[in-house]
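Listed after this line are the structures, all set down as structure tokens.
Next come two complexes built around subunit A: one with subunit B, the other with subunit C.
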Partner chain A sequence: MLRLIVTRISTAAAAIFGASILAFIFLRVTPGDPARLIVGPLASAKTLEAQRHAMGLDQSLWTQYRDFITSFIHGDWGFSYSAGRSVAGEIGSRLPATLELGLYAFVLAFVAALVAALLVTYRRRKEADNAARLFAFTALGVPPFWAGLLLLLIFSEHLHLLPGPEGRLSLATQPPGKITGFYTIDALLHGQLATFADAVRHLILPVLAFALVPFGYLFRLLRANLLEVSREQYLLVARSKGLTEWTAFRRHALPNACLPALTASGLMLGQLIIGSVLVETVFNWPGVGEYVVTAITRQDYAVVQTFVMLSACAFVLANAAVDVLYGVIDPRVRVSAAA
Partner chain B sequence: MSSEGLTADVGSQVAVTRERRGRWERSSGLLRLAIEDRLALAGLIVLSVLIVLAVFGPLLWPQDPLAVKLSHTLQPPSFAHPMGTDGVGRDVFARFCAGARTSLIVATMVVLVSGVAGGAIGLVAGLSRGLTGVVLMRAMDAILAFPPLVLAMAVTLGLGAGVTAATIGIAITTVPYFARIIRSDVLRIRGLPLVEATVALGASKSRLIGRHVLPATLPTVLVLGTAAYGDAILTLAGLGFIGLGVQPPAPEWGTMITQGLQYALSGQWWVGVFPGLGVLGAVVGISLIGDRMRDLIDPTGTALGS
Partner chain C sequence: MIVESSVSTPESDDRVLRVEGLRTGFPTREGMVNALDGVSFDLARRERLGIVGESGSGKSSLALSIMGLVPRPGRVLAGTVTLNGRPISRFGDERMSRVRGRQISIVFQDPLTALNPVMKVGAQVIEALRVHQPRLGRAALRRRAVELLDSVGIVNPQRRIDDYPHQYSGGMRQRVAIAMALANDPDVLIADEPTTALDATTQAEIVALLQRLADEHETAIVLISHNLALVSEFCDRVLIMYAGRVVEQADVPDVFREPAHPYTQALLGAIPTSGSSREDGLAAIPGSPPNLLKPAEGCPFEPRCALGQGKEICRTAKPPAVPIAGASFAECHFARPRHGAGVSASPRDETRTVGS
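And then the complex of A and B:
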């Protein structure tokens, strides 16, 4: 077990190190001249030189890389001139909005995928299976921002059932006092039911647009796992010792089929990061993804750099944690990983 | 898919499929593989239509996708403009066809470039027993450390937004998938007795690789290629949405959807809806075909990519 943890941590560290080099090459070395971007095209050569010096661009590449990494590790992520404050502060204040959206989307995606996979594998109806498979493929083929556009067109512009792209709350609604940063939870904790209802109404469309891709992944994964597990001999044994079809399925097939879905939760974090970038702007959702998109259009490099490095770290660590956790739960994995 | 996955009597069904598969391998062909399955057939049809529009669009519909016509802005779909016109009076259908061309070309380039590069890396890593293999696979891990769109975003930003940078960015994110799968295939094949036998017969290394190792990896590479193709189209649209892909006024589905967003709430749905349908059709079409191919390669239905 210890061996699995050590191996996994060292490969994760190597991956992050490699990723930091890639990020450094693409975001610090290749773009024209970051100093010129800041001072503008009209600045004199002297100003440019001063700016280059201030940014450390006149140092050797190695020194620049070392500074890049040291300041990243120290949480000194630079100043964001598009937001007018430190990058760390701005990301910190926007994170709850993204997490609230992502959390509800994943709960929805997982529950829906599990129910759908159960329906098609337990009953084994071919038409249902084809329909569900087509829907899963569609979910995976839809650009999330286009799904958002369609949802807005149907439910907001056409049916007037739900609010348009106005962020987390209506203009007239005051945000609840901050406890968790999740408006739905904070509103309930403060007993403000009207605020809660408003927050929920604003969440529905972005959550749906966000949940499509993870639903597609999880449905396909769970369906394949359930089909595979239902052919295992221990299921035959369970049935032949007198368990009903459903009990055998629920006790013996379901847990084993869900286990590999755990591996996917690392991938899901990647989807959370991508989804946040692609969905939030559509709904003017004040989260991290919207900030990054704005920063890109305004060439606010410090923000993009931080975002790229942070997502690599989060993605790698989550995958490593999942692998280790998987080893804890399933002894077969432990044996093969240590071998 | 395949009834075989869903039938209770799995054992005999697999045997039947194996037998059928034997016949297929003798008289194969993409068309034949697809027709067997209705969903795959639908995918093939949708994809073919898009390819025809991309290739022959300018002949079939000779309107200029870039021609601004301020007297004809935001017109709903009609005979003159099957998909309407956008905010500056450009014909959305002509732009749709040009967008199809961009997406399909970029996706093809991505699959070719990353397939060849990833294949070479995987082959070398699988055959080398020393440091080279380790270093190469660590480099692949570094690329996989990023969520795909995020790395493509960083590369495109670094190289300067545009279609070439986007293609390079997407190709870089795709290389590790090919490298990993080919490496594991090579490792598997390397252990087979046929390799030992071929070496014993005195075959050269290049003959061993060219005649025995590479052909054996082909099925998995084809399936992965279809998945990579769909992902490339989606990522290109995503980059376009962020503003890093194909630069306006050049028509591209992702940027067209972004432009459509500002008209969504005033009722001009056609500006953004049609390009999204293009992305959807292309991606779903290719994945249905790829899924069918995967079933045929592995009839037990246990394989799962993604």
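And then the complex of A and C:
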């Protein structure tokens, strides 16, 4: 077990190292001088030189890379000219918004996909199966930002059931005191039920829009796995021992069918926690994605670099966590990793 | 239908399992595939009954139908299964689950897929115990599981109980499957080709194990096999199945000496013997099993039969069950009672020709 964890951690470190090189190189080979962008087109050569020096751009590539990595690890992610404050500060204040949206969307997608897959595969309900497959297929094909617009149009514009694109809370609502950064959780911790309700109402539509694609993907995966596992002989053996059909299914088919979905979840969770640029823009969600788009158009490269590094870390960590979890659940993985 | 015709079922009845007119079908786009077409037989306590037939003759469907485990969309269409005097074929899943594994168990053909790969072997044995003995504590369950593994010949069971299935060989996994099946001392064990997926030495060991355990637990066994030699060693009585029907029932010594049905004769002829020379090649029954979508008007074996081929009566009339001797019969127009054998004493005669 320990050996599995060590292997996974070293693979993870290697992956992050690779990502850091890419993040570093790409920004330096793209055209445009970031120092010139900051000082403006009219600044003298001397001012430009001084700015380049201040940003370390006159150093050798190796020194620049080393400095980049050391400061990244120390949490010094540079200054964001587009936001007018430190990158760490800006991302730090925006990350909870993105995480709250991403995690809820993931949980919703996974639970909904599991329930739907269960309903259609247990005792094979043909009509329900066809309907669910059609929905999942559509969910996969619809761009999330478009789904977001559609949801806004229906539930906010026409039915007036839910708030429009006004961010995480209504204007009149004060954010709860920061504990976790998740407004829903913080509001509950402070006992502010009205704030909690407002936060939930603002979350519903973006979470739905965001959950569609992962739902479609996970549903198809889980459905296929469940169908395959439910044909397994050991399910019949379990029933022949005296388990009812449902108990046998729950104990022997369900966990085994969820295993491959874990891997997919790792990838998807990585994606969800770094956010969706377009969904955040549609809902005016003050998250990381929206910020990064602005930074890219302004060549605010400290932001972009940090973002690439952070997403690499998110992906790698989510997958490493899934790998370890997989090893805990499936004994065959443990054996092959130790061999 | 014959359902309630078996009036004579007092408590002292020697029959532990009674199958009457069982019909099982699998609906397909082309129509209903009749996997079982009216199967009836009795099983006495501690009896060992063999069921023999080609692939597709309905042997496994019979096993699953008795257990109430026919995979959807297939289902039992007609007939009754009575176990210890109770009509289990009418039980729902919930009620039947209390019978499965406790009064009647099954061991399947392929031990490699019989165990859940992500669950410890011990946990799966314990599951079989706990579902019927919920009051047993953890320690007691574990102790019983170790005993069971030990009784089926797993070496060092205290340690092996915590292994996963992939750490067991095929033969060992079949032993575990047998341990699970016998965990609650059932009255009947159905063994569906339990040795087919194993190599020859392991086969012999598994058969010996079944034999020993059946004696110890006084379990009646239904051994399903395509291997006549195995059946002749193991069983007292044999049913020959063809196209979802029992075409011959006989005591084991008789079936080898004087097979009454042409299909049985052909099966016996298909067994390679050490005397046959290589040039003869392997004897095979010509043709292939019939299409179960469209049941034959006459005898289902007629197109492949050396005796009846083309004969008018075989093509147009279903052969009756012709009593041979005792309870033995053969469904063939040309079968004749054996001389000097008491035929009328058979308790089955009256139920025989019904159900089709």
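By definition in this document, the second predicted complex is superposed on the first by the 328 of 339 C-alpha atoms of A that agree within 3 Å, B and C clash if a C-alpha of one lies under 4 Å from a C-alpha of the other, contacts with A are read in each partner's own complex, and residues count from 1 in each chain.
FYI, a contact is a pair of C-beta atoms (placed from the backbone, for glycine too) under 8 Å apart; a residue touches a chain by one contact, two chains touch by 3 or more.
These numbers come from a predicted model, not from an experiment.
Residue by residue along subunit A, subunit B and subunit C are tallied for touches, and B comes out ahead.
Of the two partner chains placed around the shared chain by superposition, subunit B is the only one that A:23 touches, whereas subunit C remains out of contact.
Touch criterion met: A:233 reaches subunit C, while subunit B stays clear of it. Using the contact criterion defined above for the overlaid structures, shared-chain residue A:259 touches subunit C, although it does not reach subunit B. Touch criterion not met for A:57: it reaches neither subunit B nor subunit C. In the superposed model, A:9 lies in contact with neither subunit B nor subunit C. Once the two complexes are laid over each other on the shared chain, residue contacts for A:241 go to subunit C alone; subunit B is not touched.
Look at A:156: by the touch rule set out above, it reaches subunit B but stays clear of subunit C. In the superposition on chain A, A:124 makes contact with both subunit B and subunit C. Once the two complexes are overlaid on the shared chain, A:329 sits against subunit C while remaining clear of subunit B.
Under the contact criterion defined above, the residues of subunit A that touch both subunit B in one complex and subunit C in the other are 124.
Within the complex formed with subunit A, the subunit B residues making contact are 1, 3, 5-8, 10, 38-39, 138-139, 141-151, 153-155, 157-160, 230, 234, 237-238, 241-244, 254, 257-258, 260-261, 264-265, 267, 269, 272-273, 275-276, 279-280, 282-284, 287-288, 291, 301-302, 304, 306. Those residues of subunit A lying in contact with subunit B across their complex are 11, 14-19, 21-23, 25-27, 29-32, 121, 124, 126, 129-130, 133-134, 137-138, 140-143, 145-146, 149-150, 152-153, 156-157, 164-165, 217, 220-221, 224, 227-228, 231, 270-271, 273-274, 277-278, 281-282, 293, 296-297, 304, 307-308, 311-312, 315-316.
Partner subunit A is touched in their complex by these residues of subunit C: 67, 69, 71-73, 93-94, 97-102, 105-106, 108, 110, 113-120, 127-128, 131-132, 164, 166, 177, 180-181, 183-184. Residue ranges on subunit A touching subunit C, taken from their complex, read 123-124, 232-234, 236-245, 247, 251-252, 255-256, 259, 329-332, 335.
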